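Following this line, the structures themselves.
In the two complexes that follow, chain A is the common piece, with chain B as its partner first and chain C second.
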Partner chain A sequence: MTGVVLSLRQLGVELAGRDGPRLASNMAPVLEGLDLEVREGEMTALVGESGSGKTIAALAVMRLLPPGARITGQALFGGEDLLGLDERQMRARRGSVGMVFQNPLSALNPSMTIGRQVAEGHRLHTGASAQAARRHAVDLLGEVGIPDPARRLDEYPHQFSGGQRQRVMIAAALACNPKLLIADEPTTGLDPLVARQILDLLAKLQRDHRMGLLFITHDLSLVERHAQRLCVLYAGRAVEWGEAPAFFARPRHPYSHALLAAVPRLGQATLRGIAGTMPDPGHRPHGCRFAPRCPQRQDACTRAYPPPVGDGRTQAACLFPLGEIPVAAALPEAPAATTPLPGSALLQMQSVTIRYGSRAGLLGGSKAAVAPSLDDVSLELARGECLGIVGESGSGKSTLGRAILHMLRYEGRILLDGRALGDLSPGDRRRERRRVQVVFQDPRESLNPRLRIGAIIAEALQLGGQHDRDSLRRQTDALLERVGLNAALAGRLPNAISGGQAQRVAVARALAARPDIIVLDEPTSALDVSTQAMLLNLLRDLSRHEQLAYVMISHDIAAIAWLADRIAVLRAGRIVELATTDQLVNHPRDPYSASLVASAPRLGAATITVPGEA
Partner chain B sequence: MLDATQQPVRIGASSFLARLLQLRPGNATLTAGLVLAAIILLASAIGPVLYGRDPYALHTASVLAGPSAAYPFGTDDLGRNAFARLLVAGRSTLYVALPATAVAFVVGTLYGLASGLGPRLLDQALMRLLDAVLALPGLVVLIFFGAIVPLNTGSLILLLGLISWPSLARLVRNETLAQRDRDFVHASRQLGGGLAHIAGTHLLRVMAPVLVVNFTFLVGDMIFALSALSFLGLGVQPPHTSWGGLLQEGLELVALDAWWLVLPPGLMIFAAMLATSLIGQGLLARGGSR
Partner chain C sequence: MRILGGIGRKLGSAALSLAILITLTFVLVHVAPGSPVYQILGPKASPASIRELNHALGLDLPFWHQYFRWWLDLAHGQLGTSYSVERPVGSLIVSYELNTLALQIVSLVASLLIAFALGLAHGVFYDRTPGRIIGGVELALYAMPSFFSGTLLILLFSMQLGWFPAGGLENLRLAHQTVASNALHMALPCVTIVLLTVPVLSRYFAQSVHEELGRDYVRSAAARGASPSRILLHHVIRNALRPLVTVLGLSLPSIFAGGVVVETVFSYPGLGWLLWRSALAQDYPVLIGIVLVIGILTVLGNLLADIVNTLLDPRTGYA
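Let's turn to the complex of A and B:
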């Protein structure tokens, strides 16, 4: 039996609402009654979507909440309630609790060498000499896998890559030999390969140092391999908690279930999203918070918050917990991918090369000095086909999408139905351009914040030459319904709808132009897990019914594999492998594609199997 | 897919008033500015009609009389009713300043949009031209043209408008550059939207808050410029008068202790500029709190 490092008992946090003065009446509970244990040498995962209260819990433990926050309950650390300490006592404890944040760039001071930042905590808490602190920093950087640490000690944060910065942050958190490490979404924003490495590193450190690790994330599949314990939060309350292996083998709460089913995995046949959105603090329903979105909902669910049910291993706050239902069925025989016949391609890219910064700048930078961000890329896309473009950040995948949209200058040829856009008259060019539409990553950024949803979609129709008011309204309503939105949303502004809804509006706008191709540039990256699945399902349905071709760009190979017929793997501006999805996922030829495939969540890889069959 | 949790959106004038009465940063400033501006506008627009006294009639019996029941703000050296003159002066001041602001506003906005959306060469040419215009001292140019162009309402509006646009043009250009690469602009281009469409449907809408704030500041600047011009005798021409003109007439007589001829027009100029400044600052503060 291992010792408990951190124990949260009925932890609750109330924060002042966003608008208006901080009055007692304006306080809204963002976290309620959280019980959680982190044990020595174990990883406890705190899982939830944005708005679930998971980060608030960590900040409450560290006493880093904004003034005015009301905290109730206990946070026992080594038998002592951290919430009862005064600021000076707390400062002394902070050394033994390390914290790693989501954005390492903003957590590191850009004007200090990383050596000093890593050693800072050590010197503050132990009073070590500068020399000893430096040696300690070299050791730490070596331990977190920074090559040649003695030399890199005197470099600044901007000289490190995103993944390395996160390693530096981890080294800094380790500097005082903490008994507890809190990692708040430490891998969000990193490429999947790098994220996997960081997670492996944290798991290793936590074992070697016999630390307790509290790992906060929105991504269940990420913690599947390493977590011993887990707690799923929804709208400020724990819905399911217990031992991780038992949880993954048999999730009891419908929300846990839905969350697992919503993450795209390689080899998966169905993807289920969760309809609706998480209620905001202050507008949370009575009874079970998940009830409004729950497929198993019954009248009793809305009466009171459900008591926990389960066994010694996992428990769920649900009146009607799920039995042994398979989370996802295995993939049926994959349909033969459509490979374009020569000459019949809808879109052709021929030896397209793009160099950024090649414009003669102030300093007259020479062309040859800049490595091309897209290097001699040739591709074909057939009518109705979905081509996935996968690669890490900086691989040139977004550049490729922008080239197809003619948003930047390129060398080489891009042909639509065998014709280059540049050869057409301006009028034809505008018409041809409408045949290729786009859905961007950030749905908020892609909708004009001052136009109502109806006007945004009507704009797409009007630019196609339609001006009859009644017909515009009818078509706008029909388009909204086609992407699964209520036509009543037409009167809202973009900031009055959720991110998932906004992304659907972007899809509806693209559809309004009756395109042949839609470029999907990381369409799900900015969305919560449950919403992601809904959007992917929508895109799949649309492509089946409309003869639409997609170019889907993403770093998430599992999401791409779910939609794409063929996948191109892009690295440093070049295509290293182009194959049918089935081939790439099961028999990647290139070693880099193989490592990408290996880093993606896979159906049945861990414990997602049908209980009883395993 | 529909969620019942979201509140309906309120729109319309009643909600604007409701929002104005909330305790929000900037609301007190904005309200004070709006009230002051309303008083000035009403006094100038319908004041002369309500007061009903002839501002041009000469009351030779009471030359340079101090404030009294018959003449609330006294009379001038020709025996004209100073209060009646202050009201019509306000009318002619705003009659020139507001259209001139509109001219500067339209020219500046179009110039800035053209510069920000046009090709690089056009942008550079327009910006150099703008620098040249900015380098000219506005008042000197006004005095120069005032001397060679017959001064009437129309020419004054054009003169004032055509020297006041550069700062707004630069602002609009910078905003255009900042907004034109946003995803919704790209989406609109992909739908076939031309530059005019993008400017009208997207850029101007997104910039609207900035434009409104700067319009109010521009009104204040314009009233000041016109007052200065009139003070120098190049503004509104006699027998009509403006606040600047009244101030100048009054100052000539200040040796006779006729303070009632100096203070009211000076205060009106001050109040008008304060009102525009308060409105602008209030709008800015409210925008910042969102």
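Let's turn to the complex of A and C:
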């Protein structure tokens, strides 16, 4: 057992229910019986969707769970059970067990210089002088790739970009000289290119410093290249675990398969979501927790939690594992045929430029010229076509969407059926505007929380001039059905349905206006992996049946490539490449689009099996 | 440079609203029933002496005439003369304002120190028993109006125990007292103000400490092995103080203006009391002068709070 840095044995966590007093009856198990190993110089990935208990596991190891949490089992760190230490002893271990959190902006103190935050851990653990800690901080910031670290030491977190902030967080964790580093979704919310760099950095540091790395993520494709070991969690329990290469070569558990099939990869033709939702703690089924959503389910599955099956490399808790079917067979290659674009252009953007003035603050602001958010952009959209807009944050892709929706002032021309909106009478303009609808990233924010689902959709229908009660009802039900929702949902409030369902409601509301174009602004990025695939499938079906055109905006080039006929790559407000999906994915011409394509998960990478490896 | 432009714009709009306020006050005091002359001469005055005094004070002039004369005087740096004590309004306000400032600043410093300690404890033990107890005490104090707590204090400490005087000056015509001689007079009003201010500030600070303690950066610091006291001192307090500064800024005007209720209950010769007395005596020049001074000080107070807030927040780029 040499080289094992962390060993979890039957780790379990119970948390108090979100509301009500902390009574024994109110405690719900959020994590049960987790066994896991992290070795020196290796990366172990803990994979699961939100609600799977993956972050809870990390916080349990750090002993940073909210007060009242009940932890069972063991967490052996260097042979010592962290769960048995008192708070004082544990404090001395924290740092040796370092942690990097999601969302580096809030994880850094906004009113403390980054130099002091990076130095803090070093001073605490070595008792070094402020001077020495400062020098050490410069070295560390350099090591994690902050250019000119000595100069930036006295700057504040808000002066750094998202990726740099995460680098600062990593440096602050490194300052404690950790033997084990826990990274909790460190790349979520970052642009794919930046996320790749952060991941590469972590993998490099883990080798250089001979640390064990516990990498927590919802995205299997992210850890494919780097993880040595892996554990997939579902609803608080491990469903499959073992050596990562063996897992990717031959996943056994139906949930692992579903998860792999749900993440869009370049070159993939079918995308399968997982119907249903993950059960909440306290309402989990007896027996296999995946049973309600499992296509393989048989009666035996619901009787008791399935015992592990497998070999020395990977094991899965499943009665009827899928081991024999490699993922590649389940996911056929995309057919190269792209239908030629029919007819004339539905929407035309001609040399559209958008400048935001810098807003004056309380104590005044300079009116200095800022670079335009959108710079001389021209493109066309045909009836029934899906145009993907891809770019990193700040590239102007959301601005482009807003311009199409006429939510902003712009220079240049935007034509719908060859006519500019500005030339129409106010009544016509309103009618024309309704032909372009939008679905935003976060359905919870775009749906009025006080209106019932039925009323939200009926309102959209009424805006179209329909007022007959009975017909409104019938149409509302029909719309819900078209987006794959039960009409019974009409009586619920938005916060009583899942995120995936809420996003479907947003789509139904857009459809209520009988649009020709729907702008999809990051439609899947607030959703869990399994729900994303369901929504993308729905969108594709709708476009095929209704001649609906989409402008889909996303930083996820794989998701876009799955749906779009053509893709425009946006960078700093300009289109650097506009090509058919096939062309762009296989033969990108612009170096920037090439790097975007290279950073995206690609079909085939997961299924390469090298026998005898690992 | 940016900061100066912003201040200029703010001052401009403040001057406009101040002019409107003055005009409104002017109209209000003139449409109010009664006349200062009756107040000065008493009910038995002869019509001739009333006419004479009316003329001497310029009250027989048309309204517009009086209004514009006031602005003209202001342009010459004059605020007029008090009807009831026959002193220039400017110097009258200054001497009373000094008393108010002395009382308010002493009370504020005391309130801040107490509220800081109380709020910190409240914030740290927010959901636990000590926090709930502190919260209960704060709420009880908060619910107590100052005329009530003030009267209680007088009953206990000056009537029963005789430790402090119950009041200062009763009559504006008496010789004016100095700040130093007011020290003893200040004790009870000061306690009353502290009782009024502490619960507000302390609850605010507690809320803010509690919120900051729940933030992600606190968890990051804990993950580095920082102790709870270190987290509090090095991370939380500075961030938690920022909203407190905003509240303080909002209360700056009342610091300059003093409390009408507290100063009246204790007959403390401050601006609030002067305002009350002048209103009773229909002493127009003093009344309008006080409105002007309070208005100006309010604007300056808010501006000061804005600047301090800007300097405290590194995101605005001045830190």
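One rule holds in what follows: the second predicted complex is superposed on the first by the 575 of 614 C-alpha atoms of A that agree within 3 Å, B and C clash if a C-alpha of one lies under 4 Å from a C-alpha of the other, contacts with A are read in each partner's own complex, and residues count from 1 in each chain.
Here, a residue touches a chain if its C-beta (ideal position, glycine included) is under 8 Å from a C-beta of that chain, and two chains touch if they have at least 3 such contacts.
This one's a predicted model, so the numbers in the text were calculated from it and none came from an experiment.
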{"item": "Partners on chain A (chain B, chain C) - clash or fit", "value": "fit"}
{"item": "Contacts of A:158 with chain B and chain C, given as first, second, both or neither", "value": "second"}
{"item": "Touched partner set for A:438, first chain B, second chain C, both or neither", "value": "first"}
{"item": "First (chain B), second (chain C), both or neither touched by A:492", "value": "first"}
{"item": "Touching partner for A:75 - first (chain B), second (chain C), both, neither", "value": "neither"}
{"item": "Which of chain B and chain C A:430 touches, first, second, both or neither", "value": "first"}
{"item": "First (chain B), second (chain C), both or neither touched by A:112", "value": "second"}
{"item": "Of chain B and chain C, the chain that contacts the larger number of chain A residues", "value": "B"}
{"item": "Overlay on shared chain A, then closest C-alpha pair between chain B and chain C (Å)", "value": "7"}
{"item": "Chain B and chain C contact sites that coincide on chain A, given as residue numbers", "value": "none"}
{"item": "List of chain B residues in touch with chain A within their complex", "value": "1-6, 9, 22-23, 182-184, 186-194, 197, 201-202, 205-206, 208"}
{"item": "Touching residues (chain side chain A, partner chain B) in the complex", "value": "20-21, 275-277, 279-280, 283, 292, 405, 407, 430-431, 433-434, 436-438, 440, 442, 445-451, 459-460, 463-464, 484-486, 491-493, 496-498, 506, 509-510, 512-513, 534"}
{"item": "Touch list for chain C against partner chain A, complex", "value": "2-7, 9, 215-217, 219-227, 230, 234-235, 238-239, 242, 306-307, 310, 312-316, 319"}
{"item": "For the chain A and chain C complex, residues of the former touching the latter", "value": "62, 64, 91-95, 98-99, 101, 103, 106-112, 120-121, 124-125, 156, 158, 169, 172-173, 175-176, 360-366"}
